[in-house]
Structures are given as C-alpha cells and as structure tokens.
Amino acid sequence: MTPSTSGSPSAARADGRAPDQLRPISITRGWSKQAEGSALIEFGNTRVLCTASFTEGVPRWLKGEGRGWVTAEYAMLPRATNTRSDRESVKGRIGGRTHEISRLIGRSLRSIIDTRALGENTIVLDCDVLQADGGTRTAAITGAFVALAEAVRWAKEQGLVELGAEPLVDTVSAVSVGIIDGVPMLDLPYVEDVRAETDMNVVVTGSGKFVEVQGTAEGAPFDRDELNSLLDLALIGTAQLADIQRETLAEALR
Amino acid sequence: MTPSTSGSPSAARADGRAPDQLRPISITRGWSKQAEGSALIEFGNTRVLCTASFTEGVPRWLKGEGRGWVTAEYAMLPRATNTRSDRESVKGRIGGRTHEISRLIGRSLRSIIDTRALGENTIVLDCDVLQADGGTRTAAITGAFVALAEAVRWAKEQGLVELGAEPLVDTVSAVSVGIIDGVPMLDLPYVEDVRAETDMNVVVTGSGKFVEVQGTAEGAPFDRDELNSLLDLALIGTAQLADIQRETLAEALR
Amino acid sequence: MTPSTSGSPSAARADGRAPDQLRPISITRGWSKQAEGSALIEFGNTRVLCTASFTEGVPRWLKGEGRGWVTAEYAMLPRATNTRSDRESVKGRIGGRTHEISRLIGRSLRSIIDTRALGENTIVLDCDVLQADGGTRTAAITGAFVALAEAVRWAKEQGLVELGAEPLVDTVSAVSVGIIDGVPMLDLPYVEDVRAETDMNVVVTGSGKFVEVQGTAEGAPFDRDELNSLLDLALIGTAQLADIQRETLAEALR
Amino acid sequence: MTPSTSGSPSAARADGRAPDQLRPISITRGWSKQAEGSALIEFGNTRVLCTASFTEGVPRWLKGEGRGWVTAEYAMLPRATNTRSDRESVKGRIGGRTHEISRLIGRSLRSIIDTRALGENTIVLDCDVLQADGGTRTAAITGAFVALAEAVRWAKEQGLVELGAEPLVDTVSAVSVGIIDGVPMLDLPYVEDVRAETDMNVVVTGSGKFVEVQGTAEGAPFDRDELNSLLDLALIGTAQLADIQRETLAEALR
Amino acid sequence: MTPSTSGSPSAARADGRAPDQLRPISITRGWSKQAEGSALIEFGNTRVLCTASFTEGVPRWLKGEGRGWVTAEYAMLPRATNTRSDRESVKGRIGGRTHEISRLIGRSLRSIIDTRALGENTIVLDCDVLQADGGTRTAAITGAFVALAEAVRWAKEQGLVELGAEPLVDTVSAVSVGIIDGVPMLDLPYVEDVRAETDMNVVVTGSGKFVEVQGTAEGAPFDRDELNSLLDLALIGTAQLADIQRETLAEALR
Amino acid sequence: MTPSTSGSPSAARADGRAPDQLRPISITRGWSKQAEGSALIEFGNTRVLCTASFTEGVPRWLKGEGRGWVTAEYAMLPRATNTRSDRESVKGRIGGRTHEISRLIGRSLRSIIDTRALGENTIVLDCDVLQADGGTRTAAITGAFVALAEAVRWAKEQGLVELGAEPLVDTVSAVSVGIIDGVPMLDLPYVEDVRAETDMNVVVTGSGKFVEVQGTAEGAPFDRDELNSLLDLALIGTAQLADIQRETLAEALR
C-alpha cells in the first residue's frame, strides 16, 4: 500500500492512515454487568455499547417451530454527534435511518446463527451509539457479534441451549468503504464519509463470504471497476476485524 | 442463457420465463389527471401508481441555496398483498420496511437530477402499491422516474424551470435479481422471492452505472462469483427497462 | 326536469349535465387479483379502488355470538386531489374526516347484511381513493357493495358461508346531492361541491329505503321544501346506481 | 300526541314521558369562572360542561381575510358512562366518534355566526361530558350555543368585537329523535337509544331551519314517512330548547 | 396565629386568610350517578371531580397474588385554567406534569389501602380538574379518598369484598404549603403559588403520619427551619381536611 | 453512627457499608469528545453518562428576556437494568417515571444557575443511564452538575457568556436515603431500594440548603423523627458529593 500513500496526494487522510488501514479498534467485552453478553466497541472515536439480552421463548409467530430468534435495535444518544439531535422517544417516532440500521444488524447476525441449535430462545441485541464519528452501523454489527457470542456462551453454561448444539455457525463483522477524490478507502470517519462520492457498507462472515453489500452513489454513479476495488478493501478490513473478534472472545473474562 | 433453461431442471420458472427474462412490463403515463406527472407501472402482477407533485420552494434547510429537492414516499394498500395488512395510518407508525424503501427511491431519483438546474423547486414522488407480487420497490423506482420526467417537462412548459436548464441528467431504473436453487435469476415475483437464497436490488442509470447495489443473503452468505453473476443479470434487465422508459416518454400523451 | 335545464341559466352545469343526471359511472369488478372481492369504481373523474378481505373468525367482542362482522376503512392517496396532502401514516394520526367516512361506509354495508347468515366471519372493505373529484364517499359505498357481494359469492363457493344462507339482504348505493344557486342538483363534482349551499349524502337500499341521510348547511340553513327536493333527487340517482350494480354483478368475471 | 301515549303500550317510556316530550332541561350559565363564556347543561342525567375560549387572532390559513373562526372540541370523562373507558389522551389517539362529534358541533355553531362581524378573533368551544345518558352531542350543541353567546357578549363589552357588529345571526339547538318499536320519540336517553331502529340527530336554528340532519338506520332502513315523523318531532323539541336558551341568556348573571 | 396576621404586612393574603387557614372546603359526595364512588371537591375556586371505578379482577402482573390494585389518573379540562391549553388527547401525548400527579395520587391512596383485604379487585380513581386555582393535586388526593371510600362501601354492600375485611386502614388528605415573602403559608391559590419561593405538597394520613413530602425550591433553596415551619402548617391543614372527609362520609347519601 | 453499625444486626448492608456511608463514587469528566461538557458518573454499579449541549439562543417563550435556559432529559438504555425494558422510542411514548425524573434534574440545576448571567443561551443536559443499580436520578443530578460546569467554562472561554458574569451561583448534588428494617440508610443500591419502607431523594446545594426533598412512604407512612433522621443522612452524603464535584472540576482536563 506504500504507493498509494506516497505517490498520490489525494490519498492523504486527515488521520494519517493508509487507504486500506482500519482506525484503531478496541473491544471491551463484558462492559455491562447486567446483560448476558456485552461489548463496548470503538472504531477510532466511534463508540458503541452493545448488549445481548437472552430470554427463553420466542415471539408468538415463531412458537412451536423449534427455532430461536435474534433481533437488534440500534439507537444513538442525543449528543453522540457534534450537534444535539432530538430524542426519538421525545419525538414519539423512530426515524427511517434508525429502523433501517436496526434491520441491517438483525439480518447480519441471523446470517451466522443456526436458529434450530439456539432452540426456542430469543436474543435481543441493543446497539447504542455513545459517541459517533462515522461507521456506527458497522461498529455496531462487529460489536454486537461479540455480545451475541458471550450470551450464547452464557446460555450454554446455564444449560438453556441444548448440549452439543452450536448456534454460532461463523463470525460476522462489517466495515464501511468509500471513494473519496477517486481513491477507494477503508473505514471512513465522519469527515471522510460526508465527502465520499460512493459509500458502501459490507458485512462479511469470518469465512469471507458476503452477508450484505450496500453500495450507494452519494455523489456520482459508480462503475463495475470501482465496485470491485471497494469490495477488495472491505474484505481486507473485515478479515482483520474477524481476527480481533476471535482474540477478544478467547481472552478470559475478568 | 440457453444452457440454464434447457439443461437444468432447477432453472424452470413457474411462469415459464428464462432466467434472464423480465416479466411483461407496462407503463401507463398520465394515469392520474391531478398530478403534474404520473405513471401506472406493472411488472407482471405488481402494479404501482407513481405520481409526481411539483411545488415551488424547497424545505427550510435548503432555502437560499439555489437548489431544488426531490423526495419520495412509498406505501402499500392494505390488500395489495395476498393477506390484508393493517394500515400504517391506523397503526400510527410507519414500519421500517416502508421507511427504507421510501429512502431508497428518493436517493435513486436524486442520483440523476441536477438540483441546480431544477431551481428552488420540490418534486415529491408518491409510489403506492396497488397490487404486490414481488419487486414493488424496483417497479416503484422505474415508474417514479417516468412520473418525474413528466413533471419536469410540465415545469418547463410552465416556465417554472429556467429556460435551457435540464434537471434530468440521465434515466434511472431498477430490478431485483436473486439466486434460487443455485441459479441466478432476473426480476423475481413473490413465489421466487421467498425461495431466494440471495436477493439483490440494483438501481442503474440509463448509461449503465450503478446507483445502488443492495445484496442480502437471505439464506446463505454468497461469494464473489455469485455477486458477479447477479450484477450481470441486473445490467441486462435495467438496460431493457431504460428502453421502455424512453419509449414511454417519447409517445405523445393521450 | 326539462324546465330546470332550459329555463333557468343558474342550472347550467359545467359538464353539461341536467340537474338530475349522474356523471358517467363505471364499475370494474375484480380489478385486484389479491382480494376475495374488488371493484374499481368511477363517478366521472372520481376513482376509488374497493377491495373486500374475507377472514374466518370475528373480533373478540363478538366471539361466540354466531354472527359475522363487516367493517370498512376509507383513505385517500396523497395526490388524489389537486394539491398534495400529507399522508396520514406520516402524520401518525387519522384525521376526523377519514374516520367519519370509514364509519359511514361500514354502517351502510352492515345495513344490508344479515350477520347471522354470514356466520362467524369478517369482511373488511378497503376503499382507497386513487383520484378525487367530489363524491368520494358515495362512490366508495357504491363500489364497496360490489366488492362485498363478490366476497360473499367467493365465500359461498368456498363453503365458508353455510349452504342456503344469504348474507346479502338487499343492495346499497349512495349519492351526493346539493343546492347550488338555489337549484337542487344530483352527484356533485368538486367544483360544484365547494359552491353548494347545502350538501347531502344519502345512502339508499335497492328497495328504496334510507340507510343514512346526512344533510349539512354549508352556507345557509335549509328548509323542509329544500330537504324534500334533495331527497327526491337522491332517490332518482340511487335507483340508477342500483341498476348498474346489479348489471355489474350479473356479468361473468373476466 | 294523546293517542300514542294512551292507546299504544309500546309507546310507554321508562321515565313516563310522552313521545314528544323533552327530558327536564337545565342550563347553568357561567358555571366556570375561568372561561369567557360557559354553561353546564343537563338533558335529564346527561350533563355537559361547555366553555367558550375567546382569543384574538385566527388560525394561519385564515389570516388577513377579515373573518373570525369558531371551532369545537368534544370529549367525555372516562367515567361519564356506566363502565369506565380508557382516556383518549392515554391511548394517544382520538377516536372516530369523538372527531365526528367535534366536527358536528363546530359546523352547527358556525352556521349561526357571521364571521365577518366577529372580526379576526377565534372562539373555541370545549364540550366535556361529565355524565352521559344519551344525547350528549345534542346537549353539547345546545349548551355550546349559550357559552358562545356569553363569550360574544363579553367580547363586545371588552371592545374586541366592533361596535354595532352582531356576530350571532340566530340561535341554534339540537335534539335526538328515534323510532322505537315503531313509535317516533323525542330526546332519547341511553336505554332508548340502544333500542332505536332509527336514530336521528337534528340541528335547528331558532328560526326553525335545518343546519344538520343526520339519520341512521341502526336496525332497519327507514322510509319517507318515518323520516317525516322524526323531523316533525325534532322541530317540536328544538323550538322548546330555543326558548330555554333565550330565557337563560336573558337572566342576569349571578 | 394572630401575631402573624396582624404584625407582619407581608403576611397579608389577597383573600384575607390567616397564613395557617385553609380556603373554604366543600366536598359533594355522589356527584356522579354512574361511578361506584364519586366526589366533587372544592378548595376555594379549585374544583375537581373524582370518580372511583370498581372492577373485579386485577392487572395481569398481579393475578393470583390475592391482592387488589388501586391506581389514579389526573387530568385537566382544557379551559380549567385562565388561558386554554391544548388537550393531551389532541396532542397525542400526556405531559410530564400530568403523569407525575397521576402517580402521586395513586401512591397516596395505596398507602392507606390494605390490598389483601380488597381482594383481587381494581379501583381506578379519575381526578378531572374542572376549574383550577392552585392546589389541584392536593384537592384531587383529598377528594379521591372520599370517592375511594364510597366505592369500598359499595363493594362491601355488593359482597365483592370479603365479609369482615376492611380495605381502608386510614384516611388520607393533602395540602400545599409555601413560603411567600419569607412567610410560610397554608393552601396556596394560583396567585400565591406563582410567587412562592418554596412550594411543598404534603400528603398525610388521618393518624398524622407522612405519606409524601415533596418540597421544591422554586426561587431560592430553603433551610431546615423553613422546612420545619412548612411541615407544621401542613399538619394543621391536613388534620382539618381529615375531619371534613370523616364528616362527609358520615352523612347519609342523598 | 457507631451504635447502629455494631449493635444492630438489621443494619448490616449487603455490601458491608456503614448506614451513613456512600458507595464508591467516580466521576470521569470529559468522557465524551462531542459535547461542550460531559461526565461519566458512577455510584457503585450505577453508571450515568451526562452531557451538556450549549446552544446560543433560547426557546421562543423566553426570547428577549435577557435570560438563559437550562433543561434536562433523563433516559435509560433498554438493558441498563437486570431485565430488558422496551425502548420508549419504540413504544412511541415517554413513561411517567422518565418525565418525572427529567423534570427533577432540570429544576435541580436551575436552582444554582443565574439565568441572567448565562445570557440568552440554552444548555441541555442529557443523562443516559448506561447501567442501573439504584439511585440513578441522584447520580444523574450529581453528574449533570459537573457536565454543566464544564459547558459553562467552555462558553466563557468561547466568549459566549459575558466577561465577568458567573452563571453558577453554587454547586448541587443529590443522594437517596431510606429506612430499611427501621434503620435510616444512605445511598441505596437496588436491593436496598426495593426493601425500603420509606424512600427519599434529597437535592442539596454546596452551601447545604435544600433544593428538593421528595420523600415517599413505599411501605408504611413515616413520622417526623424518621423524616429528620433521613434529612441528617442526606446532608452527610451530599456534603461529600459536593467535595468530589469540586475536586473533579479542579483537576486539569486530560
């Protein structure tokens, strides 16, 4: 990656990273004492608290099917961002963006869950953005996986998941990529995100397969080559995130 | 595409189409007498009424910028589907799916609009699904473009858009693609949609560039090759839709 | 009616109709492929899509009574009218006018239904105004009856209504009447509706009895004679609508 | 009316009234010390508190037209009825019935107001049912008129309405009528209301003209003769109510 | 108390009361014919209608515990105050103040109820302010107790509460106290309330024990001595209110 | 306090504290990089993130008065507690408890603010409970003061508050106290809170004056002596909290 950082002035990033370099990633497992699983995840200044709540039973529409359910809710504290936003609870409605991200997180986690192995149990992931600096949805997915894995481990220890069953069939993480001044870049903070011509969120399993590919032309429509460069970058980033997830889960709990 | 339809029994589609074949497409321009632009679009049994409402002025946050605004709202009649759903107006809230699709349609149309050329005017696209049989969001985008183009033409005739300005920089259409029993297929009706392992909605300009690529692993995560086959199909379908849009707009209004 | 059209210039209607003449009426039965019954009804430029959804079972408060339930919901697409209105789903509340009309349609249909013969089944009528040009509620009632009759026929064919039972005890239709410049007129389009001193909606059975009489002095209070003239006109109009309904239902389905 | 009370046992009313007799009516003017006008009205056990709030200025859509505005809101205390209902404020939505009655009261009062004479001022009538025993909407209209008249008198005294202008062009009152066991009856309490085959609310000016006629076939559709008998009764009742209103307003305030 | 009224000019109250004197208190028991218990209570011009609705059974979360439930809802008519407020039902949400007072009334009443003696029954107290002039929440608590006691008596007569069980273990009443120009005063009307430096609502049982003490420094923080003077006054006032409650309940019902 | 900790076994606390001892208190100033002021405060396992958002200008009703405005919003993450609660944004309404605590925090902070010195500026305090173990409202008030003080300091540095003006006239902190098994105790964690017969939240300025005293008999009404013991304890606790606040604010920011 040396060429892109030296030869091209347009590739210079405000935080000095190479185009294919993640921000400093930190995952604090078990940050909350109340939840069955939890993780405080940081992608640079983006900080998301993910908790996993395990309950026996499933929603009514799924009863008696012998399968479990995993869902997610995403939200942002009013002053997570640079200027304060009104609370959605005060406005009395959830905005479209919040809905959309909650649904994305839920789908992403369900892609690596064997709901039969989970049994008739429900896990709700709450992803609350405490501080926002771009990439909150991808940080949320990556952190939520850790909280989910902890909750599954807890459920096994409690005997709430059948002996020998393994609800987690893979890991999953996500990263944002985008094209800025014509250069594809990995893991965009807010200042880059607003300048990106094309913005893509990619959710990838530990085994390198795609779960979600969501690319949007914010500025100008993009061609097949640009799409391919972005996917390449996303695979580099999610492979590293998968490693960090595995290390975090391997460490003994406090 | 001959091999896949003849050699592989799994590729047989209930409606007899080849995997790379669109459903019968029909666009009735000017279906509504009230709106500045309108189109009733049909993708097989999917039927969406798109109207474009032109108003002078822009939302407060855009005032004085010399630019216009294009936005969209998507909704479904309660009995558009096989079983009746409660009205969102009765429930008092708009669901996540509705929000998500409204936002997608808005972004798609803005990608081919030169908001400076539009001047400080607003166009709202309403896409109401009268009958649903899969692909309602892609039909909505494709039909909304026709309604939008009609409203722009109307505004020019009325002198509400500056002489010589051309707000439309390209056309835009959308199609769904998916993998069913391992075979990539174009334009999925409901019965195929529910069986698809991977489902992708692709929004493409008349010049063949991507505006949105939204791929979701409904069943199993997908690999790079599968992604590429789906994008190939989507480009075939949207090229045909662009032709139909152009023909529709060329015809004199009744 | 000859005198009033020839001798009195005030009786001249913009669309050339005689004071006691309906607008062109069109009913397309089975317009929707999804619903158990449906009709697209047109009173001139007013266009309402009526669907009937049949479900087994009744609301909780009616369980075990051996009787069925018929109810209705009325709504208007945002650009059905000359200027766009905000969606009630977006506002998060249903307006008073919408509620009032939904209740009127429900009551009107229940007046000609034998709920015992229907058995413990529910039929919901959705009346969505696609294009509005006055008289939307009366068109909705008239079209909803056709959709209801279709759904009842379907239920009989499916064996969901007891053999020999006849839930429909009569037909029902509705029309608006009003006094404009002192002249009573039948079936008011929007331009006449806003000018009417008195406006009345009358719902009448096929056998010529009143189900609802709702007269409102928009401009000046009205006397007994005016009331009587309006009722006379309403009976002329609803008798013709009843004939059209019967013909529509007699035709074989496409 | 002698024949119907003596000869026909079905005409016997639980409270001993003749078919054409009102319940005891009581209007306490100035019941509230806070409002510009107020009246506590009783139709038998039905008890409605009506207050009129006068404010300078009109809603935005009416500004600069030189005309005033009169509107009304109707509501019921949760335990006004025999069993407690949930509060609409707690449910977060206003029911269809509430909306419908609020609109009816507003229209009725506007029919006897000269909005030009009122000037650019607004009067809001609040009609809160403290105890309900049938006929709450008609009691509300009748009491609201008294509160309105008081508020107009207050505004004149304050010089808020132009010298010599007379916003009130007539009085207005309302009564319910219905057919029970084939006998037309005046002013139905709850026990009669639920048994009525046909139920009609009639709003009449002091000069005997109709403002609203709302007849509904609760049980069986009704014919022209029945309609005429009901209108006769309504005119008897509203004439008496108009007298009581005039007497109440003539008395000096306590 | 003579010294404080004669020697200190600052202690002069607009209505001529001594600092430790209640406003005229009036309680009309059984004001509503519909509820199992009711009272119209007046503290000067403050007028609150309290009804008690008795229903068999308890909320789901309490089922099978052998205990009853008592809860309360407080609300204000829109024109109870000097200027009209929007209805909470129209705004679609209940304000913080309303919630807070409803909860306070509920807690106050539960403090003197033996829920086991009540059995699995629910009593809902509705306190609707018809006219507001300060102290509405304390009037509501005091009046609600009377309505509650009536409902309990009714339930005993109906055999809905076990023979020999006594759900009421004490009486409860409430009063406001405040410091105005340095002088502690009892039972503040609106004009005093807005001027108070410190405002306190105190709920006390008939046996003189505290149920709630809610003191707020509206103007300047207060010290221990001021707090003690206020509590002294509150005990004087609530002792008198307890006497009035007992007398009211001793009288035979009309 | 020695007698109660040694002689009385009932005084033994699960966490080994003396009755008059606070839990370990920690305040991390500047925890959020986005807000003008922030503090993460911990009372044992209770953890609240407080941010202060400074904006120029005041709400409309305060414009032109030359005074500023301070307000607060309190909320709890869904899994802050031992079992997950539904989000208020999802329910579409804010609960009574949330409203009540938000109002309490706002009043508490306004008691030590000179709104004239603040000028026409607004500071919104957001107090989000990340983990709850009793005393969340008192921790929120104590932490919010630190965030507020930071925001005021920032505003002075920015020149947004007039030179020489001092908006903060005192410090403010809060603590809960309660009677458990007859023993008054300071700073109750959740396990003690649910067992308390009487529960009191006391808000006190740095100079030892009361801002709010909110005592509630959860179990049995309390007498004057008990009230006095609780106030004594509260003054001990808030004096210590005031010291910690001062130390925190004296430290240089990281």
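Which chain is which? They are A, B, C, D, E and F, in the order written, and residues in each are numbered from 1.
In this section, contacts are C-beta pairs under 8 Å (C-beta built on N, C-alpha and C of every residue); 3 or more make two chains touch, one makes a residue touch a chain.
Just so we're clear, the structure is a prediction, and the values are computed from it rather than from any experiment.
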Self-check item: Shortest chain-hopping distance from subunit B out to subunit F
Solution: 2
Quiz item: Measuring centre to centre, with centres taken as mean CA positions, what chain is farthest from subunit F?
Solution: C
Practice problem: Tell me the angle, as a multiple of 5 degrees, of the rotation that maps subunit E onto subunit F over the C-alpha atoms. | Solution: 180
Quiz item: Whole-Å distance, subunit D centre to subunit E centre, using C-alpha means?
Solution: 33
Self-check item: Geometric centre distance via CA averages, subunit C-subunit A, whole Å
Solution: 52
Quiz prompt | Averaged-CA centre spacing for the pair subunit D and subunit C, given as whole angstrom | solution = 28
Practice problem: Give me the residues of subunit A that touch two or more other chains. | Solution: 92-94
Quiz item: Mapping chain-to-chain touches, which pattern fits: line, ring, star, complete or other?
Solution: ring
Quiz item: Inside the complex, what are the residues of subunit E that reach subunit D?
Solution: 32-35, 38, 45, 49, 51, 53, 55, 73, 75, 77-84, 87-94, 98, 124, 126, 128, 130-132
Exercise. In the complex, go through subunit A and note every residue touching subunit B.
Key: 93-97, 99-100, 102-103, 107, 111, 170, 200, 205, 207-217, 220-224, 227, 231
